[in-house]
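Notes follow once the structure below has been shown.
Each chain gets a letter, A, B, C and D, in the order it is written, and its residues are counted from 1.
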Amino acid sequence: EAFLAAFQERIDAEQKIEPNDPMPEGYRKTLIRQISQHAHSEIIGMQPEGNWITRAPSLRRKAALLAKIQDEGGHGLYLYSAAETLGVSREEMTEQLLSGAAKYSSIFNYPALTWADIGAIGWLVDGAAIMNQIALCRCSYGPYARAMIRICKEESFHQRQGYEILITLCNGSDEQKEMAQDALNRFWWPSLMMFGPSEGESVHSQQSMLWKIKRFSNDDLRDKFINATVPQAEFLGLKVPDPELKWDEKKQGYDHGDIDWDEFWRVVKGDGPCNRERMRTRRKVEREGAWVREAALAYAEKRAAREAAARVAAE
Amino acid sequence: MAEDQTLFTYLLRLADDHLILSQRLGELCGYGPTLEEDLALTNISLDLMGQARALYAYAGEVEGKGRNEDQLAFLRYERDYLNALITELPNGDFAQTIVRQFFVAAFMVPFWREMERSSDETLRAIAAKASKEVAYHLRHTSEWVIRLGDGTDESHARMEEALDALVMYTGELFETDEVTEAALRAGYAVDPKSLAHEWQQTVDSVLREATLTLPESGHMQTGGRNGLHTEHLGHVLSELQYMQRTYPGLNW
Amino acid sequence: MAEDQTLFTYLLRLADDHLILSQRLGELCGYGPTLEEDLALTNISLDLMGQARALYAYAGEVEGKGRNEDQLAFLRYERDYLNALITELPNGDFAQTIVRQFFVAAFMVPFWREMERSSDETLRAIAAKASKEVAYHLRHTSEWVIRLGDGTDESHARMEEALDALVMYTGELFETDEVTEAALRAGYAVDPKSLAHEWQQTVDSVLREATLTLPESGHMQTGGRNGLHTEHLGHVLSELQYMQRTYPGLNW
Amino acid sequence: EAFLAAFQERIDAEQKIEPNDPMPEGYRKTLIRQISQHAHSEIIGMQPEGNWITRAPSLRRKAALLAKIQDEGGHGLYLYSAAETLGVSREEMTEQLLSGAAKYSSIFNYPALTWADIGAIGWLVDGAAIMNQIALCRCSYGPYARAMIRICKEESFHQRQGYEILITLCNGSDEQKEMAQDALNRFWWPSLMMFGPSEGESVHSQQSMLWKIKRFSNDDLRDKFINATVPQAEFLGLKVPDPELKWDEKKQGYDHGDIDWDEFWRVVKGDGPCNRERMRTRRKVEREGAWVREAALAYAEKRAAREAAARVAAE
């Protein structure tokens, strides 16, 4: 108990917790779950965008998309490393992803059907992610907070890029505008769901707040996102697909319509449009890469043995 | 052939090599055998794309008909693409992807180094940047050739199969014809035949360390420089060109 | 929705089902597990293509804007294709190809039979021909379902996997919406909901003989009728539309 | 010797040899080689055309192409059956194809690069095949001759269809005409090679003539093909890519330039543009279909066992 109190004191004093510091098991577990889930989201998130690499409509956009997906893979790497500092291996985390034990952000279970979706994913999905991540830059766990700072910088770049794709479409032909509106229609609600349901009095969430793993409630972050995004949609000349959306002068923010939490839970539980596809693809990649990883390992071992033998011979 | 036309064709061949190989690697983005390797292959794809864009932009300038990089990259017919056949071959398994890239990089390293002495300023500038990039491609793929060749029995067998399947597409890289010869006379080109010895040495020394040997090459396949491709290219183009063909004349 | 517009949409959905499934089977032509089966699958693909052509031709007539079968089949945007999702799914292994076709045929048999009583003469004529063809599709695929289900351990496992992967795409076949309902009121349509029982019986009885069971379906995927597809369709279209998009407005 | 003489007498009397008739071992072997090679050609020939099914430019052409390739598979089936009457199994023949021991027509080692190639394959490749096959309709071996009669009918339909594709192109845009000319340029010489080199005094070939397996020399058939085809090219407004081609009034036929037999032998020996691809594809198909064939066999055995058991129980 004294340990827990001392730990909480450090947290309250805004001291960063570092890998070798003592920490409560619950803190460690919560972080492992959250960081690995975040890492998995980066990895699975490569799939919907990857679907458009071969068909990107210009060389410039193709290069930007390749670079963006590469960044996501890079984020996955930092995050896996941050999680590893908490005593879990990448193999374990991968195993949890493939077995379905670990989750990833449900937004990636929606398909990227048109080029405008690549814009919408950058603008809305990365935009929503950033709202979460900015808060996490001040997370109490040092390695996570530092990974977030780096990630946030790249994500805002991606978000601007996505928005820029939509600006181009909205300044383009009627078909292009329609394509942009259609993408907004499909990605708006799932983006709002990215913040998760209202927490109410969730004990889990309160503990995360206390430990400063989480600093804002889901609803607060969602409102911030809506307030930032609606004017951007207006600038594009697109209509947010929520007839109940309206500006509330008093709270200086938008009121929005009800979110379909049935859909949210359905997708979380595996019945979204692409859940099975995403996992099937990931498992296939792991399976087909197995011989390569084995070969790399075998070579490393041979090499180490040869070097050891050479050292012995030299002595 | 007018001089400008020669330079245009020369640039287009080189640009198409880079575009098509970049497109092939792009197919793998998100599907690498490890996350690190996924990033590395995407990196190579991006480098190639950057080189392709510089080359198309310059080709468009030389042509002087106002075609930009996208019009050149996306809006030609299948028989008008001039890339070497090796760049359009399917990714196959990881061994084939690596061997294909290794063969090409072992050629591009001396190619771009020599190109740094081109009489053409733009080509020199492209070469200066590309030289650094391709040195990494060669290093990276060489390491994999060694790892896989000297790894497990399975990886060794897969590498042998990949070498066997791909060696017949390497000869084309060293071919010359009237375009190359006119370009050489004009002073801006690199003589690919002069790079053959270095290529062979690079390949042999890496393969030796990988406990592999280059199979007898026999007859070399050719045709790409004249737009005679494998049956694979058409399928690559149907994806590559999809948006530009479906929505002609728009900005993206 | 005007009546003609309803009929047009109704026909287009049906035509797209047939075109896309035919295109998928066409990918397999030359690659069947036996020569006999190669011919059989191509046969099914041809039947579906014939049905698609009749439906597009009639749809073009109903639309009255002078669009012919090719303009309707090749020259729409991805979001304008209205096929059920199950028809666009990749062929997968032979088990998946067979299960996909079996699920669809088990629906189409009663569908076309009922359509023979449509108030629309053209639809009746199409149905009369299609009924005979689809009876063969169902018989042929049922035989394979039984053979593979009751074959080896491997084939049984592959069939289980295929059923598991595909069952969630079957619900869409039975959906109705304002288009179907308006079409039903007009008297020329078949109510898909009324076919559900027969479909279930057909599937259950064949699976029973195959020592297989239909997995719990849970949530059913939907979207195709409104142009909301899987990520696969875009790739199908990039090949399907290639020539028409690359060379607009020509005769072939 | 008496047997051989009697056999030759039957042949000379234009009697058909049937499966159960006695026949010299050389006759049997020659026929097995020739018929299975012919069957393999049908099967491998499905690949270049198959390459265009998904991209055929109209529904009508797509349906025709599907039907054509299906016919080729059907021809493969009849021919394998005809060969089986000589005491070789389909498995053995397939094994010979996959191991490279058996050959197939080298023309299919050239790629089908454009839609016009589908026309050219029908017009030239099927056209050349028909020249050979018409002669074979009178082959001394009954099952082969009868298979040929059926095949010839379908092949002439295919040839007309291919020619019709080219008529459409040649009546079309400049790009289409160019595409047609390009296809003719690429397929002309390989089509001439389909008849094989001049036989000179080849003993092998003389024996085949004597046995009436073969009825015309390669050069005669090639000349017939050229004489039939050149006017068709002229009708299309296309130029045959042979500068030495000219009408010889005296022989009432065309003289043609030298055929590049080095290329022919190179392709026969495995170094054509697609040899490896074709075999790789075929082997992949066989490999991936193995579990299906095993399952079908296992099911047939189970079923037979059940029926036998039921019969026993009923007795």
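Note that in this section contacts are C-beta pairs under 8 Å (C-beta built on N, C-alpha and C of every residue); 3 or more make two chains touch, one makes a residue touch a chain.
All values reported here derive from a predicted model rather than from experimental measurement.
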Chain pair showing more contacts of the two, B-D and C-D: C-D
Cα-centroid distance, subunit A relative to subunit D, in whole angstrom: 57
Length of the line joining the C-alpha centres of subunit A and subunit C, rounded to whole Å: 37
Multi-chain contact sites of subunit B, meaning residues that touch two or more partners: 77, 234, 238-239, 242
Interface hub residues of subunit A, defined as touching at least two other chains: 55, 175
Pairs of chains satisfying the touch condition: A-B, A-C, B-C, B-D, C-D
Contact footprint of subunit D on subunit B as seen in their complex: 77-79, 165, 168, 218-219, 221, 223, 228-231, 233-234, 238
Complex contact set, residues of subunit B against subunit C: 77, 234-235, 237-239, 241-242, 245-246, 248
Contacting residues of subunit D [partner subunit B, same complex]: 48, 51, 55, 111-114, 175, 179, 182, 186, 266, 271, 273-274, 276-277, 280
In the complex, subunit C residues that touch subunit D: 19, 23, 26-27, 29-39, 42-43, 45-46, 49-50, 52-53, 56, 69-70, 73-74, 93-94, 146-148, 150-152, 154-155, 158, 239-240, 242-244, 247, 250-252
Subunit B partner contacts - residues on subunit A that touch it in the complex: 43, 46-47, 50, 53-63, 66-67, 69-70, 73-74, 76-77, 80, 115, 165, 168-169, 171-173, 175-176, 281, 285, 288-289, 291-296, 298-299, 302
